[in-house]
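Order of writing sets the chain letters: A, B, C and D. Residues in each chain are counted from 1.
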Amino acid sequence: MPEKKLQIALYWGAACGGCDVAVLDTNEFVIGVGFLVDIRLWPIAADGKYRDVEAMADGELDCTLFHGAIRNSENEHLAKLLRRKSKVLVALGSCAHLGGIPGLANQVTKQEILERVYLDNPSIEAGNRVVPLPSTRVDAGELEIPRFYRRVYRLDDVVPVDYYVPGCPPAPEQVKAALQALVNGTLPPARSVIGASNRTVCDDCRRRKEEKKVTRFHRPWEILQDPDRCLMEQGILCAGSATRSGCGVRCPDSGMPCRGCYGPAPNVIDQGAKFVSAVSSIVDSKDPREIERILGDIPDILGYAYRFGLPASLLQRSIR
Amino acid sequence: MGFEPRIVGFLCNWCSYTGADLAGTARIHYAPNVRVIRVMCSARVDPTFVVKALAEGADGVLICGCHPGDCHYSEGNYKAMRRFPLLGRLLRDYGIEEDRVRLEWVSASEGKRFAEIVDDMTERVRRLGPSRVKTLLEADRVER
Amino acid sequence: MAIRANPRLVEELEHYGAEDVAKCYHCGNCSAVCPFSREPFLFPRKSMRYLQMGLEEKLLGNLEPWLCYYCGECSEECPREAEPGETMMSMRRWLTSRYDFTGISKLFYRSWKAELAAILLVALLTGAGFLLFGFRWGGGHLGVYAGEGAFLTTGAVHVFDWILGCVLAAFLGINCARMWWFSIGKDRTLRIPPLAYLRQAFLLPVHFFTQKRYAECGKKRPWAIHLALMLSYTTMLVLIMFFLHAMHSERTVWAAHGFGYLATIGLLGTSIYALRGRIRKEETHYKHSHETDWIFLILLVFVAGTGILQNVLYRVFHLDVAANVVYVVHMMGVVPMLGLEVPFSKWAHLAYRPLAMYFSELQAEAIRERERAVAAAGAPLPA
Amino acid sequence: MEDRRIGVYVCNCGTNIAKVVDCDAVSDFAKKLPGVAVARSYKYMCSNPGQEMIIQDIRELSLDRVVVAACSPRMHEPTFRKALQTAGINPYFLEMANIREQCSWVHDDARAATDKALALAHAAVRRVVHHEPLEKRFVDMCPATLVLGGGIAGLTAALELSDAGQPVFLVEKDDHLGGNLARVDLTAPYLDSARDMLADRIRRVLESPKIEVLLRSTLQSLSGFVGNFRAEIRVGADGARTVDVGSVLVATGFREFDARRIEHYGYGRLPNVVTSFELERMLREGRILTRGGRVPKYFAMIHCVGSRNPEYHGYCSRVCCMTALKYGHEIKSALPGAYVYDLYIDMHAFGKGCEDFYRRTAEMKTMFLMYAKGTTPEIVPSGPDDDCEMLIKVHEVLSGEEIEVPADLVVLMVGMEAREDAADVAHLVSISQDKDGWFIESHPKLDPVATTTEGVFIAGTCQAPKGIPGSVAQAEAAAARILGKISRGKIEVDAVFAEVDETRCSGCRMCNELCPYAAIEYDAATKRSRVISAVCKACGCCVAACPSGAIQGRHFTDRQIFSQIEGVLEWASSQG
């Protein structure tokens, strides 16, 4: 039991808040944690201002759990600020870890996003062409909003990260384990993934695995699946084989294919490319046209392969 | 000097690499833009190698294996063939032009064919101009 | 229209000496080394092919065997020892037998015994006839060789010679006509304008007297021997047919006898050379000898030998009786030689070969003309 | 990694490399690379002084990695590996940069060629840093051999092996031994009786205590690897055997081309059109008759039925020409008045005694009619005046004439083709087939009986069409190879293979079906896949496919190849 309460912060970048919920999903554990730590910043649950953080001494925080990707200047600024104030920075969840769902925006340009959101959208009143600008002059003076970046970064791209807790969201048990390690001072060597296994989802998956030869790919709703057999063998594109385990096989257990949120296996540097390699390898044909046809059943391969990790891929973004 | 494409070539040991050696023995000249990396079989070419090469600044990637039906490893080249369409679509989604990545079959006796493929590929990539992948990655880089 | 192949033909040609043609596998070396083989007569390979396949009609109209002088280079170069030279020779024998309408030739070529028997029969009849004539009808004496009271009077022998000559010419003429019909007369696709026959007619005497094509062969000696033999023979024929009086006179008429001695030396020399060659088998064209070759040469030596012997007996030794006996014996050789060998056997080539040169030139011209016409009409050339 | 001590050796290859590539520039450049302790350029690195230089440097400068920029590694990699071994370091600590075949010989722009050589050398230096020491290993060799096929090749090999005292399991699909040869009467060119040849061998096989003959049997599965195979054999209708063997010899033979496929030959429709094997039967029985019971007079052999025709098989079946000639002899000796034709494309009379045999057949006045490749003779009915059953029309090439020949019996010289079950056999024993279905040997000239699967050999007509001497020679060669392995007692396993890191494998089984050699085993109990290293041929297919990065290909690891990619590109980009 530490003599002094640990000083921690939780902050978010481009995120949905699911990771906050995951922390809360640890239920009574989080209350216990509350006895052991001082939560200095947690916008979703506690009060706290930028200036409070700015006032802290460097390294004053024992740990910051940062979730969400880096989408704009505010995300980056706070990431850097909290990095400086924290002894340990943890990337919590897929967005901070790999770029996450927001990272899929790396397929399009900033211009396309702005047009889609503010101009070319059915929910916008006709003739309304108001676009946010980084700075606006009002009577009270100059108002600034964060600058929207050309692309999405993962946390690691803008600040050095000490630990990664993957998942979208991370499984509550894994969050719990990470917090426990933090509180107990049993953290593994820096820059490692915690709260996950070294194998892939298949290791924990209860489904039966037999011969992998696919002649047709299906969307999950297109077929009546055998609940006991490997989804991939049934032609359902399941990313489990290319995804780090630790989630508790939540998706395949509920009849949905793994979508890859825990990121690549330890030895793999590009999850999507590996997934593409594995998936195409099991196509059961030697005829180029048939191969094209079979693989043609797979829609949006970039989105499939890098659903949670486009900014973490080798190519990171579309160059269009 | 104009733009000289930098192309990474992955050649299978038994057919294509031997074919490339044969082009040498026969003194068939071709463009010097392809830098060859030898693999035992085209089936060893992980799509990761291709994206890795592009990320490292390659303007093109050439994969060569034995002709279908002639693989030293029985059917490794079919696996290379299977991986290519999906990889191609992935790269297209990334905005990388189709001509930058190419899969070709070159037998051990086709030194001339290898030279022609290299020349043709070099020319096509030259027309496309330099790949923007690495430039953009570097431009995007954030000071940590 | 497909031509029917006849597997039996090759067996038949065996009787004519074509024993090795089946070995040929058509590498074409023979046609390549042959100095005569040129478009459109690429022999001997193609003739060999016709024979192997038994394309009888094709062979019958084929003049190519006659264009060959058997220098033997083809046989020497043949990797298969298929003896193309000898095969061409055999085809000449076969063609001779097929040109002959009487069937006698065929009989002779297929059975040397028959030929020999015929020769002996004719010889005996001739001998008997001349003896009868000498003793009973001629009014001469065995003791007188020439001049008044000669056992065989010049006039009678001369008449006999001319009668024999006319009969032979008739036989040979019919056979030559058949040769024309088979080779160029029958082929409706060949158009030979009558003028062309006249224009090219000079070829006959040229080839007959010079045998210049033979001279094109790589080896010159066989040509020289052959030419000497042929000229000697012709000289002798002319002497006998036109100058028999001089030849048979009491005194030596050098203008005639000089030629006679030269021709005799030529005949004896060349035929003994040929006999020796055939016995020794050193030269390619002497390696294979059909029975008819022997009979022919032996007859020739016999006739020339008895011819000179009677002359010597009479003119040197003045032995009229002996000379007359030898004269009868000489005639016993001459008659079968001319009467049987010329129209029915090997001697016939004396006529066929120059004719073939002549016909083939006409044929070649017509073929070239036909090809030009086809090309002009735009149709593809026949394969 | 940075404390590696790398030696870089740039070969001039006389002037072969140096006249285009600035070799000194390459070695000067290499000297500056991280980890490089020494870089030299030399006239002939493969020469004795060149190798000595490397060996001396390794010893004196304590080098631990070596890069040789020279010719193709296909040329001298073994040479330099040996040098490393001599110097006392692991031979796999070598990497070669191919700056001759793929650089100086194919480029004439000295600058561009030198730039490329620099890039390749850089890549090699970057790669060699990650080279790992690899060791050859040995496993025990089981002395028994499984022979598939009881034809002449299988019988020969079985005898050869059993005579050497080694056990053999001879598996034959039929209910008797002898294979295709048992269907033959006499053999070309010496006219020996096939029956006599076979009878003696079959008797010896059946009497041998070392050979277990399994008739009406087929291989069901083969697992394991060289020296340690396990074969499941189905015996008869419902019997089964499991045998452990160290080697497998595939001698499954051929099947004849189905003459029905060439419709206009009328096989199956015209009564007197028969295949060569049907004529063999007539000859064996001594009764050669037309369907109508008449003694035939005209025999026509049509060669190349199914062979040398791109529509069917483009290859030559090798034995049919001599077999057809043999029929000429047999027919003429049985029926002296008969006429025999051979309608052929080319006469292939290679082989001892065969040209002479061809000649002798020709001398027997066999009529050879050549038809053009791509065309086929045509069989038409004979007319009322003909003394034959049929006529064959053919465009005869050597005369250029359209001819017809009378025929009473037309014999189709059917070619050889791969058996209908060849693909299954290939799959079972993990060997490859060429485009025609024949099993592929390890090297067409230098290793003609081994296959790409260690311990599996091929002999006889399952490899390619061939005659009896060829089949027997191959069978004996294969037996010798097998005996060689048996006599060593141990099997050397190549140091380069794929391996599964069991701490990373999740048993997804993505790789299981990919291996062409079935070298990947799945352990249901531990839920892990495992590569049997002795069976693995190191193609790397599974390595590329493994989505969890649990499989690594030795000597071709991701790390090594990534370094090479970085090497060729990083340098290039730094040069602009």
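Structure notes:
Keep this in mind: contacts are C-beta pairs under 8 Å (C-beta built on N, C-alpha and C of every residue); 3 or more make two chains touch, one makes a residue touch a chain.
All of these numbers come straight from a predicted model, not from anything done at the bench.
Central chain (C-alpha centroid nearest the global protein C-alpha centroid): D.
Here the CA centre of chain A is 52 Å from the CA centre of chain D. Mean C-alpha positions place chain A and chain C at a centre distance of 110 Å. Per-chain Cα centroids separate chain B from chain D by 29 Å.
Chain centres here are Cα averages; for chain A and chain B they lie 33 Å apart.
Residue positions 46-48, 52, 75, 79, 83 of chain B are each in touch with at least two other chains. Residue positions of chain C with contacts to 2 or more other chains are absent. Counting partner chains per residue, chain D shows two or more touched chains at residues 514, 541, 544-545, 558, 562. Taken as a contact graph, the chains fit none of the simple arrangements: neither line, ring, star nor complete graph.
Every pair of chains in contact is given here: A-B, A-D, B-D, C-D.
Interface residues of chain B, counted against chain D in their complex, comprise 4, 6, 8, 13, 17-18, 20-21, 23-25, 27-30, 32, 35-41, 43-49, 52-53, 56-58, 69-76, 79, 83, 115, 134.
Chain B meets chain A in the complex at residues 46-48, 50-52, 54-55, 68, 75, 78-79, 81-87, 89-90, 93-96, 131-133, 136-137, 140, 142, 144. Listed in rising order, the residues of chain A touching chain B in the complex are 70, 76, 107, 150-151, 153, 157-160, 268-270, 272-274, 276-277, 279-281, 283, 285-286, 288, 291-292, 295, 298, 300-303, 305, 313-320. By the touch criterion stated above, chain C contacts chain D in their complex at residues 1-5, 7-8, 10-11, 20, 22-26, 46, 49-50, 52-55, 58, 80, 383. Considering their complex, residues 298, 339, 341, 347, 358-359, 362-370, 393, 395-396, 398-406 of chain D touch chain C.
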